[in-house]
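Below are two complexes that have chain A in common, paired first with chain B and then with chain C.
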Partner chain A sequence: MSSSVFSVLSKFVAEYRRSTPAKLKVVDAYLLYILLTGALQFFYCVLVGTFPFNSFLSGFISCVGAFVLGVCLRIQINPQNKSEFLSLSPERAFADFLFAHAILHLVVVNFIG
Partner chain B sequence: MDGLTDSGHGHFNTKHKWRTEFSGCNYVVKNDTVANHMRVVSLSSFLLRFNYRSTHHLTSNGFYEFLNWFDERAWYPLGRIVGGTVYPGLMVTAGLIHYVLNLLHMTVHIRDVCVFLAPIFSGLTAISTFLLTRELWNQGAGLLAACFIAIVPGYISRSVAGSFDNEGIAIFALQFTYYLWVKSVKTGSVFWTIGCCLSYFYMVSAWGGYVFIINLIPLHVFVLLLMQRYSRRVYIAYSTFYIVGLVLSMQIPFVGFQPIRTSEHMAAAGVFALLQAYAFLQYLKDRLTKQEFQTLFFLGVSLAAGVVFLTVIYLTYTGKFSLSLMRYLCPPPRYAKIHIPIIASVSEHQPTTWVSFFFDLHILVCTFPAGLWFCIKNINDERVFVALYAISAVYFAGVMVRLMLTLTPVVCMLSAIAFSSVFEHYLGDDQKKDSPPTEDSSDEDDKRNSGNLIVTMLMLMLLMMFAVHCTWVTSNAYSSPSVVLASYNHDGSRNILDDFREAYYWLRQNTDEHARVMSWWDYGYQIAGMANRTTLVDNNTWNNSHIALVGKAMSSNESAAYQIMQSLDVDYVLIIFGGVIGYSGDDINKFLWMVRIAEGEHPKDIRESDYFTPQGEFRVDKAGSPTLLNCLMYKMSYYRFGEMQLDFRTPPGFDRTRNAEIGNKDIKFKHLEEAFTSEHWLVRIYKVKNEGSSRTSSFLRKARS
Partner chain C sequence: MALRGLHCVVLLALALGAQALTPSHHLSPADLDRLKAFLNQPFTDLESAYYSIVGLSKLGIAVSDEHAACQFLKSQLDPSNIDSLFFASEASQALSGCQIPLSNETRDLLLAAVSEDSTMSQIHRSVSTLSSLGLPVASQEVVSALTTRITKEDNVLAIILALQTASRLSQQAELGGILEEIEDLAARLDDLGGIYLQFEEGLEATAHFVTAAYALSDHVDIEPPLKEDQVVQLVNSVFSKKSWDSLSEAFSVASAAAAFSGNRFHIPVVVTSQGPAAVSHRQPMLQLQVTDILSQPLPSISVQVESAHAVASKSVVLSQAPFTLRDGIFELNFMDSQPASGYYQFAVAVTGDSRLVANHVEMKVKVSTEVAINNMDLSVVDKDQSIGTKTTRVEYPSKAKTSFTADSHQNFAMSFQLVDVNTGVELTPHQTFVRLHNQKTGQEVVFVAEPDSKNVYKFELDTAERKSEFDSISGTYALYLIVGDATLENPILWNVADVVLKFLDEEIPSVIQPKNLYVPKPEIKHLFRDPEKKPPTVVSNTFTALVLSPLLLLFILWIKLGANISNFSFTPSCILFHLGHAAMLGLMYVYWTQLNMFQTLKYLAIIGSLTFLAGNRMLAQKAVKRLASK
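Up next, the complex of A and B:
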């Protein structure tokens, strides 16, 4: 069972390396970084405690939000999904990404306290 | 600083319209064993006073002062943290409009802004309903929906000029948020989703009903998943909406950390997690073969289940997870009546009758199922949304009269869809072009034409009757001022009863500025706003024990009540008495609720059964229970009433509201004295005599002033 899982995973990683365009790999690296940051914040909170709660929440939500927006960007610029997003050019997707981040960070900064 | 002076009021009432509290749909006859004419209290019209007072505070003192406002003149001696217990959207909107207009040198008084805010926003609601229906169906249906919501009585009740209440702007925010949500699901663009989040933020600041949005949208996504209608657009729309909406909603002080703590918000979080897992699995599925996917799927599912299980155990163990009463979403009436009398006593929390449905919606309530059926027959992502909206709104409107308001927009939209489909079918003449012109078919053509014509005429007649009904309802039920009562004489002329304002003005002019007035909580905001005196309890009803204490004072005999009043530093007591003019919303009719609420906190001292006769009747005449005939409320209502003969046909002391001659005519007070009774005996104010022992309280009062 574990060997088959391992073989599946290695096959998946090899195929991913081969078939994903460079642009998407950059986005994926960014997503991985955000994920690690979020996990780090969460473990810090578990270790040290939740005071002040609003600061922890704003930091954690900022990570989750950035992750989600990154995933949305990746979906929208993926050439395989072009049929679903006919009216959305990659430039428009990136502009939306920037706009969403501006709003998200404004609120996060207000909430950090 | 200009308060609400009497001259201002005259100006107010001649030009502007207020909502009435006497329309049939605001009162509910309770079928108790008690009495068939028992009435309960209407909540909303008193809230306007508080909203205006807060907005005035905002414009005079600035935004941060408003957010940090601690009101010492309410809920004496506790005070009230207004900034943290109010939805600021309404006040901030009015304040902002006032600020912008004054910046442009159009000097508008804040009172005028407050009065006209609701009609402006109802216009914006009509526009957003048009946009939403156009997304759902087509432009024709959109126009019809906008016209319907512009005149429908269910919404008019909250949007007449002078109705300065949260719902006026909240329904606009609701419709606009839903429009932006439908748009973001259709396009899958993050821009529309962020717009939806900002509109949701406005809704959270405006009304507690935002919980409806944060449960309906996840429900929509969940049903789409179940219907195998998952698409990447849905993922983008919901994930972005949830996260950005979450952090935005926590910016309102009153909401605070509720979105991640209470059970009302857990559905949204659950669907978010589910969607992430589902999307990831879809991504893997696209790239792997079936067998490989199955092995990973099994591993993933068991891992996820384990994590969820451990998290739930941990949270329950540490007590962080609270299953709060979903009071406003799903109040089981029987539970509320027994355990939370305050919520059960408000007339707007009673179950809705068929009369209310028809009164507020007329023919729309009959055509709206047809529209729902059309939507379900031609299903797509956004029509699933409106179907869920309709079903949940119908359920909630059936539970509480107050929630008729959330049903009204969706009924307008679906009826518009029904009418639009019918008109399209019967007004279009494509059929004639296809069939070749022969002798027989010309007859058929004529029959078909006349058939079309008849149906169209019928539909138009229905719409005209609807318009007539709406106009009639608006002019009769929702256009009279609620503070000033009007009655009609035998010859049809109107008789104005201005007792409330007369009494509040007397309080304002003839009492000490730091005097404390005890009354039932319905009148708290009005006393604070119009008489400008400190109150003990008001319509915010946040402290049940304090209200129970006031209720106990009203239900006990005079000596016990005097002790309570001394401990609370009460100077004046204000009651409403309708026995002279037959006004049914007075304090004796509300008295049993006072007893019930007091009994909830002090079951040893107050028992509801003591106030009934041995046969179980609530009577104010000689056969009434002695506890009732000697309690403070009874004595205050009927003091000197035994000498008053209203009519030569009835004996002296005949109570017109209860239709009975009162039992205890010889009332004397030991600790109170009558201070003021208004012209038609509607409002009666008593002064609490200060005897020696209260030297400390008067000392404190001097120190405070």
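Up next, the complex of A and C:
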């Protein structure tokens, strides 16, 4: 059973390495970073309690928001999805990404206290 | 038969329901003196002279120096000015033997002023001047001019002046139209709480209205359309102010006062009691002063009590009893009716003149008496009633010779009766207290003695039950009886006896110092909120490093993936975009440390728009490059 899981995983990783364009791999690395940061923050909160709660929330929401925006960017610049985003160029996607992040940062910094 | 019964019931209801309003303000002799003193100011100009002279004459006294006043009027007179002529002529009429010089030009000037084109004030002043100088006035012309001006100047003050003017005209003239204005004006009065009736223009306007309305009504001999309650409310409004701001205000009040006390239709009556309305055996006479609003006695009136009933029992004590007049005061010996002590509601009626207004007055009269304590019996009763009681009788005001001892098996009992000294009737005053005072510790405990059904007061002290009130402190207590009431002339504080109380479980008597209540108490120190429990710094620092570590991982991955910035074109828009973006991130940090949202938004708008423009350009160039390379 475990061997089949392992073999599926290794196959998946190999396929990923082969067929994903470099640009998307860059974005994926960024997403992994965001994920780890958010997970570590949550782990800290579980360990020592929620004081100060607003700071924890703002940090965690920042990670979640950045992850979501990163996923959006990845979907939008994926050439396989081009049929769904005919009018949206990758540059436009990136510009949207930057704009949304500006607002996210504003809110996060306001709440961080 | 039933209809007759119904008729009686309706009349009775009306009679009971008609709670007539009585004046709550009038000019007492002190107020009158103050008004006279205020009016008697030295003259500054013709107008102030007019107010002083005419005002004082309305109150029935003359100016201090009539001759000097006349000289003043003559010297200040300006014969070409209607106002000046008005003040001088009216004031000279009030002085004896003062004549204003006349000339043909003056007369022509005055007659010319009577026209539809002059203001109401001018018409009023010229007509009044002509009338007081004894010159003929064309009444009908005046009436038509007044009527026209009333429609043009539709305000309260103008109509009041019209009324005044009409009262100076011949009685043959058609004054009916102007007379109707009284009713219209009365409808414009504001009712304040059912007590005051006044114009929103103020006290002067209300007072002048009163003067003018009664002047015109007297002149045409038709009763003004004012109800009794309205007259009383007008009295309240005019006389509620007891110190006046200006001569014109004082003059208006003096004129109104003269109008209220001297007109032919309504004379408001003021009934006040001489001193407090209370009678007793020493002071059996109820004394009333019945005057008009100038505190002057009313001629040929009779005062009688229509009914007097006790407030508590509603039984009628007196009916249709007349007051006797002695030295200007109306007296009635109320104690002749042998009233019990308490409060009585009197309905007093003043009759004798058909013009009297507010002549039914309700007043509350107190009858006080003296109390005596009878049959004061003190005893110590055993709780199980096995040992017979020993009763000691004590006579007021002496003290019992022996002291009484009561311990936890015994009750201390007291019984007495309170009677009216004069009538022997039993009394139940409001305050009957029994006070026990420990001389050593200063502690005192007060109980209430209650009467039973036969009006005998009983007090029982159960030593065991009441020990908490005494803090279980045994000792000698002085027993006092306190009797008091509003209708008692001799309140009583009587040290009846000494009582020795013995309690079980005696604590060491702490000397209770009542003064301890008022020394400064210990200071309360403010307790600041405890700061929240925080994890040790080591843990937080470790986690800070841990959270920053994925960034390292990111850079490693990116390098591994071959991400680079080799495509960085040094176009101005590109540089500007990156600078702007960096500035935005820097602004976020500054916002965290220093700024507030409004400032941040301001800066963000500036930097953001720059970055947007630059970024737009840069991305467009990138897109062109991408499409070209495809």
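Simple rule for what comes next: the second predicted complex is superposed on the first by the 113 of 113 C-alpha atoms of A that agree within 3 Å, B and C clash if a C-alpha of one lies under 4 Å from a C-alpha of the other, contacts with A are read in each partner's own complex, and residues count from 1 in each chain.
The working rule: contacts are C-beta pairs under 8 Å (C-beta built on N, C-alpha and C of every residue); 3 or more make two chains touch, one makes a residue touch a chain.
Every value quoted in this text rests on a predicted model; they were computed, and no experiment measured them.
A.B. asks: Will chain C clash with chain B on chain A after the two structures are superposed, or do they fit?
C.D. replies: fit
A.B. asks: Check whether A:110 is in contact with chain B, with chain C, with both or with neither, and answer first, second, both or neither.
C.D. replies: After superposing on A, A:110 lies in contact with both chain B and chain C.
A.B. asks: Check whether A:76 is in contact with chain B, with chain C, with both or with neither, and answer first, second, both or neither.
C.D. replies: In the superposed model, A:76 contacts chain B only, not chain C.
A.B. asks: Please tell me which partner, chain B or chain C, touches more residues of chain A.
C.D. replies: B
A.B. asks: Classify the contacts of A:97 with the two partner chains as first (chain B alone), second (chain C alone), both, or neither.
C.D. replies: first
A.B. asks: For A:64, select first, second, both or neither according to whether it touches chain B, chain C, the two together, or no partner.
C.D. replies: first
A.B. asks: For A:29, using the defined touch cut-off, is the partner it touches chain B, chain C, both, or neither? Pick first, second, both or neither.
C.D. replies: A:29 contacts chain C only, not chain B.
A.B. asks: Mind working out whether A:40 is in touch with chain B, chain C, both or neither, as first, second, both or neither?
C.D. replies: A:40 sits against chain C, while chain B stays out of touch.
A.B. asks: Is A:15 touching anything from chain B or chain C once the two structures are fitted on A? First, second, both or neither.
C.D. replies: The answer is first: A:15 touches chain B but not chain C.
A.B. asks: Note down the smallest distance between any C-alpha of chain B and any C-alpha of chain C in the overlay, whole angstrom.
C.D. replies: Least C-alpha distance after superposition: 7 Å.
A.B. asks: Which chain A residues contact chain B in one complex and chain C in the other?
C.D. replies: In chain A, residues 92, 95, 99, 110 are touched by chain B and also by chain C.
A.B. asks: What does chain A use to touch chain B in their complex?
C.D. replies: 1, 4-5, 8-9, 11-12, 15-16, 53-54, 57-58, 61-62, 64-65, 68-69, 71-73, 75-76, 81, 84-85, 87-88, 92-93, 95-97, 99-100, 103-104, 107-108, 110-111
A.B. asks: Help me check something: in the complex, which residues belonging to chain C touch chain A?
C.D. replies: Counting only chain C, the residues touching chain A are 532-535, 539-540, 543, 546-547, 550-551, 553-554, 557-558, 561-563, 581, 584-585, 588-589, 591-592, 597, 600, 604, 608, 612, 615-616, 619-620, 622-623, 626.
A.B. asks: Enumerate the contact residues on chain B facing chain A in the complex.
C.D. replies: It comes out as residues 187-191, 193-194, 197-198, 231-233, 235-236, 239-240, 243-244, 246-248, 250-251, 257, 260, 279, 284, 287-288, 292, 295-296, 299.
A.B. asks: Taking the touch rule as given, give the residues of chain A at its contact with chain C in the complex, in rising order.
C.D. replies: 22, 25-26, 29-30, 32-33, 36-37, 40-41, 44, 47-49, 51-52, 89-92, 94-95, 98-99, 102, 105-106, 109-110, 112
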